[in-house]
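Below, each structure is written out as structure tokens.
Each of the next two complexes has chain A plus one more chain, namely chain B in the first and chain C in the second.
Up next is the complex of A and B:
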């Protein structure tokens, strides 16, 4: 039997690989976006600290911007963005 | 003076959103020993705290006033006891509280609930009812209505 594909419709879903469901700063879900954004995903990315705690990029930047020496809001270690996926 | 008829006027979007979420969460799951007095002002919360059973402050009730800055939670709220404030080695008679998380050690991951629990734990671990040794001098210096957030605090005692 020969099958001819005339049309196909792909559906994909994505989720951030973050264990805690909510951003500790804005308390909104990681799979949504921060308070100021409209669309989740590339427009409102997550970042992980070297300490492995994730936040919305926009949220953590607002926090580090107010600090002389920024600490992770969750563990108080010096805040550094994790560069390589571990 | 802020007016309750124009609530939330000075809050950013993230602050308003966070506070609405915290209020909702509080209504579902309030911290034990605390009661939020309902008003239409999201920017100032009045919270009643009752001393934990078996502690020096058992059955005593005090009022906390929590004022949120425009950039909450990037900046800590101002938290004071309304008079009369509890007799405690870290609480001044004008209601100012010497507690590091309210000033230098604030983190935006903290919430009103977590602040409340820190304050209750501070009360509960007290073994003697007394004012801080420098109470009179400090309160005199604050007579012009200075905010405790403008005080340069020394945090020296983790035990109480």
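Up next is the complex of A and C:
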């Protein structure tokens, strides 16, 4: 039997590799975007702290901007962006 | 700009388990999301047991990046709460605030503060001094204030419920509406009539 492919549809899905589902700051899903953005994904990326807690980049930047010395909202350790991904 | 979706989410979350948590929060008026009315049930085994404490909650425009402003509207005798105006001395409502905290966790912290006064970091020096020097008098004063000021809301509430039920509204609906209106009988009646 011979099969001739006339047309095909590729479907892909993506998700952020974060253990929690919601950003602790805006309480919105990581796979969605922060309150300021319209489109999830590259437009509204996540960042992980050195303490390993993830947030929407835009949310944590807003928070650290209000602090003299920035702390992680979840564990209060000094906030530093994790440089190497595991 | 107020984060409307987060506040609505928080209110839904508080509503969901208000029976077990002993705390509630609702809009004070009709539409202003920045002004909320909270309540805390006095913790068991403390002089505040049996009382219902009203908390005025104001959300700054930068919330949740700035802490909510909370103040006791019900008079309370506690070292960390002003007996004059209800101002609260609690670190998470000041420099220890974090945007990961919520209205619910803040109200639960106030409930915990009622259970565990911190006389070494007082808001009301008179109460704190009494707490340290004459604990028995502190307990009886706090209990008396609970009796005199924090139970009125309950008593008045039952009368209001009865009045509205007599007008022909179902009791369940009367209770929820009264709660939404912060116990304001006229506002509740208006709402019941229009709903």
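Note that the second predicted complex is superposed on the first by the 86 of 86 C-alpha atoms of A that agree within 3 Å, B and C clash if a C-alpha of one lies under 4 Å from a C-alpha of the other, contacts with A are read in each partner's own complex, and residues count from 1 in each chain.
The criterion applied here is as follows: a residue touches a chain if its C-beta (ideal position, glycine included) is under 8 Å from a C-beta of that chain, and two chains touch if they have at least 3 such contacts.
Small disclaimer: the values here were computed from a predicted structure and weren't measured.
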Now for A:62: first (chain B), second (chain C), both, or neither, which partner does it touch? both
Taking the superposition on A as described, I'd like to know which of chain B and chain C A:25 touches: first, second, both or neither. both
Once the structures are superposed on A, label A:37 by its partner contacts, choosing first (chain B), second (chain C), both or neither. neither
Just chain B (first), just chain C (second), both, or neither: which does A:71 touch? both
Which of the two partners, first being chain B and second being chain C, lies in contact with A:51: first, second, both, or neither? neither
Considering each complex separately, which residues of chain A are in contact with chain B in the first and with chain C in the second? 24-28, 35, 59, 62-63, 66, 71, 73-74, 76
As the complex stands, chain A meets chain B at residues 24-28, 34-36, 59, 62-63, 66, 71, 73-74, 76
Residue numbers on chain C that touch chain A, as the complex places them: 3, 5-6, 9-10, 62, 64-66, 98-100, 102
Any idea which chain B residues touch chain A in the complex? 13-14, 17-18, 21-22, 71, 73-75, 107-109, 111
Under the definition above, what is the set of chain A residues touching chain C in their complex? 24-28, 35, 59, 62-63, 66, 71, 73-74, 76
